[in-house]
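Following this line, the structures themselves.
You will see subunit A twice below: alongside subunit B first, and alongside subunit C after that.
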Partner chain A sequence: MSTVSWITLRGLFGRRRFLLLLPLPAILVLLAVLSRSLGVEPGEWGPPVLVGLGLAVVLPVVALIVGTGVLGAEIDDGTVVHILTKPLPRWQIVLPKLAVAAGVTAVTVAVPLCVAGVLADSVRLGLALAAASAVGALAYSALFLALSLLTRRPVLLGLVYVLIWEGLLGSVVSGTRVLSIQQYVIALADRIAPTGLLQGDVSVPVAAVMSALISVGFTVLAIDRLRSFSVAGETS
Partner chain B sequence: MTTISADQATGTPTAAASTLDLAGVSRWYGNVVAVNDVSMSLGPGVTGLLGPNGAGKTTLLHMMAGFLAPSRGGVTLDGRPTWRNPEVYRRLGLVSEREAVHTFLTAYEFVLASAKLHGLPDPAAAARRAIALVEMEGAQDRRIGTYSKGMRQRARVAAALVHEPQVLLLDEPFNGMDPRQRLHMMELLHRLGDAGRTILFSSHILEEVEQVSGTVQVMVAGRLAASGDFRTIRRLMTNRPHVFTVHSTDDRALAVALMAEASVTGVELDRAGLTVRAGDYGAFTRVLPKIALREGIRVRQLVPQDESLESVFSYLVEA
Partner chain C sequence: MPEPTGVIHDIGYQRYTGPRLGRRAVFGALYLHGLRTAFGLGRSAKAKIFPWLVVGIVTLVAAAATAVRSQIGEVVMTYAQFADNMSWLVIFFVAVVAPELVSRDLLSGVLPLYFSRPLPRSDYPVAKLLALATALWLLLGGPQLVMFLGAAFTGGDGMRGVWNELLDLLPGLLYAGLWAAVFASVGLLVASLTGKRAFAAGGIVAVFLMTTPIVGVLSIMPSQTINELAFLASPSTLVGSVGAWALGDLLGPQASVPIGGFGPVYAVAAVLLVAGCVALLLQRYRKVAAR
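This part shows the complex of A and B:
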């Protein structure tokens, strides 16, 4: 493991905000287990739990906490200077951090989603949700990592994207769904395991291409921003 | 590039001295000019960057360290720009003012991580050497979160020194240190400077600079106000006129007696008390109690009026 990812992991799990990651996946599994054991029809509890909670809330929020944490937290407390005063090309800093963010998010989200998917329909749906949310974890992480270099309020801006753009506008204005990672994840999961539970609004090619574009585009942007990283001056 | 790797391979980083050059460097934030047309060239030895708070020292240091783009002018280390050029960190170390450390690591882990990030051939040995240099062996396996401020600072210095950089920049390194830690840090900087490294540290405290460095760069309000030998600058500072406010049992009688003193250049009497201008700080403060005793006047209060660094420095700018 590279030194950058080692420090990033230590930093991530050494901070208390890591504990924020635990309740949401737990609630997801709990609701799925509860619905299943009470004998509720999967058609009734599937969409609200899998999509409404799992893909619309748990995945982006966990990605937001982790994605803004791997670099944003270090920028906030100034420790980023230690990594930046090294003769490392900046991609050697961004890529390990992105890998940690996407990996931690994917594990945290894919496992409960997989369990919920299995309980709702089949092992196939469980695996489909896990795989699609891993793709989503990468795209979200790239976005939020770049946000932490573009603004001093990455968490706020990330929340605006998740809640307003994907949540509110996505359900009202259908055109915004083309630019919604959540919709890509739904489309991909539905493609891998077609069930009546997931309702994809974008086509699979669009979802795949856009996920890749977002992941690569924001990563390149983050690397470029980190090259010109400025320490905030006294007067600013 | 080739020269850099050659130096590192021979393991004698002190062999080739480095020069940090600033040419007409300015930096502004909107309408606020933080650094105004500063040019200087820093070579081996210890240099103090002296100036009151808000003079632009940190902004200047950040530009030197490649963490801020100059709005105008350029900063180069051995001819290469420091901005957007991570390669300079092979020859440059920075200890920033913000007490930012990974508190969850031990000092050894922290310094070792630095060594690894530098890609040093034997990171463990380099880390041990750097920790020994700041004399932190005894505490190296404790988490940095448990350290005092001075110990954290030393851990940060060790991390910045692990690759034996030619140039070390320190922003207010003595802040928050107790006298013993301060002395220790001063010795360390001396040693590094004597070994041929280029050391620049900033401070807003005159005495700190006096004890560490022979050459100073004085910054006031974003400009380079003076540079050169410390003693010359210090003389300019101590020989400036001093203003005191004096309260006594009989201000008028004291004013009359003081006017006869050579060290006193002016006396002003008003309802607020007595304002005395003295040409020689030491002579005046020695003679005042004697006069008071002789005249049977009790001095209730003696307040130096212009001891703020700003006034000291602004005098220097005018001089």
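This part shows the complex of A and C:
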């Protein structure tokens, strides 16, 4: 494990505020267990819990906070200079940070989704949701990591994507769903474990190709942006 | 030890003897500054992008609704429904503005400067809260005014039509005030917990978005009482339910929020939520760390 990823992990977990992330997955599991124990039809509670809460809220919000936190927090503090002045190729800075962000997000989201999926339908659905959300975590993390290098307000721009593009437009205009990571995750999970609980609007090849394209593309963009990164003060 | 021989020269230093503005002026200045901060006035263009993006979208929606109504004659949404339909944008606006209002002061450690003025501890959070609530109310009320102007003066009913529209508009504005009070108090409380704007924005969105699916799950539980009380779980559905109880038909078909006979419970819950958030906010600023 490289020093950069070690520093990043300590930056994420070293503060108490990371504990604020834990209620999100906990509520997901809690609702699934509650619905299951009260004997509600899985067809009724599955979509609101798995998609409405898990894939539409928990995954993007955790990815947003972690993905912008790994590099954006250091840029805000100005401590990114310490890493930038070391004789490291830029990809050796971006890739470990991306790995940490995607790994932390995937673990935080995939475990509760897996539990909820097992409770809703079968072990297969649980594993499918875990695998698909791990893919989604990688794509979201790459996107938000690149955003934190492109703009000084990465969280707000990320929120525009999550809230307005995926949330508001995605539910009204179906055309925007082709460019929505949330829909890719749903399509992939539905392909691995076909059930009636998930309704994918995007075809599976499109979802797979676009997820890979977003992950690789934004990583390359982030490495390129970090090459010519200029340290500036806080925006007024 | 020799006798001290130095003298203190009178270099003409004068005390300020003019009128001193008291607590009310400090409060007013904080409030006005907060309101200007909310919309990025007096700040760089970068600070204006996100607030005015939201303002632009809501105004555009209102203009579109007005245009449809004046051309086709069909009421797309009533004044009260407008706030409900804009809830995602309201959440985003709170996530943009609330951290600007309180988190920056926490991060840069300027709170001791504020509190060294003749300013009671409680005035600072209350002024910020009022500023955020006013900004939210303007965000929701302004577009309703656009809809009112469009509807009242193209209706062709003369003064009678204008008066009827006004009677529809006023409950809508009151309802927007309820939205503003609830969302401002919850959002500002979350934002005041952290100095990092990024974390504050994420936390606000998490609180508002996380609670909506809980309503969805609770409302399919096998118990009618739980179903009818489910809308307590999320701020936006709570406000919607109070509106459905108090405004009735102005908010569209009654069946959209099946709260049964629990209307007064929702009203009390909304008041308690705002009061509780304000109390916690005052508690937070009673002993806030300098850094």
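Basically, the second predicted complex is superposed on the first by the 230 of 236 C-alpha atoms of A that agree within 3 Å, B and C clash if a C-alpha of one lies under 4 Å from a C-alpha of the other, contacts with A are read in each partner's own complex, and residues count from 1 in each chain.
Convention: a contact is a pair of C-beta atoms (placed from the backbone, for glycine too) under 8 Å apart; a residue touches a chain by one contact, two chains touch by 3 or more.
Only a predicted model underlies this, so the values are computations on that prediction, with no experimental measurement involved.
In the superposition on chain A, contact of A:V57 is made with subunit C only, not with subunit B.
More residues of subunit A are in touch with C than with the other of subunit B and subunit C. In the superposition on chain A, A:G39 makes contact with subunit C only, not with subunit B.
By the touch criterion stated above, A:P48 is placed in contact with subunit C alone, subunit B being left untouched.
By the touch criterion defined above, A:S230 lies against subunit B but remains apart from subunit C after alignment on the C-alpha atoms of chain A. In the superposition on chain A, A:G78 contacts subunit B only, with no contact to subunit C. Comparing which residues of subunit A touch subunit B with which touch subunit C, the overlap comprises 235-236. In the complex of the two chains, the subunit B residues touching subunit A come out as 27, 29, 32, 34, 54, 56, 58-59, 62, 65, 67-69, 84, 86-90, 92-94, 96, 98, 100-105, 113-114, 116-119, 159-160.
Those residues of subunit C that touch subunit A in the shared complex are 43-44, 46-47, 50, 53, 88-89, 91-92, 95-96, 194, 196-199, 201-203, 205-206, 209-210, 212-214, 216-217, 220-222. Within the complex formed with subunit B, the subunit A residues making contact are 3-4, 6-7, 10-11, 14, 77-79, 81-90, 227-231, 233-236. On the subunit A side of its complex with subunit C, the touching residues are 17, 20, 23-24, 27, 31, 34-35, 38-40, 44-45, 48-49, 52-53, 57-58, 61, 64-65, 68-69, 72-73, 76, 152-156, 159-160, 162-164, 167-168, 235-236.
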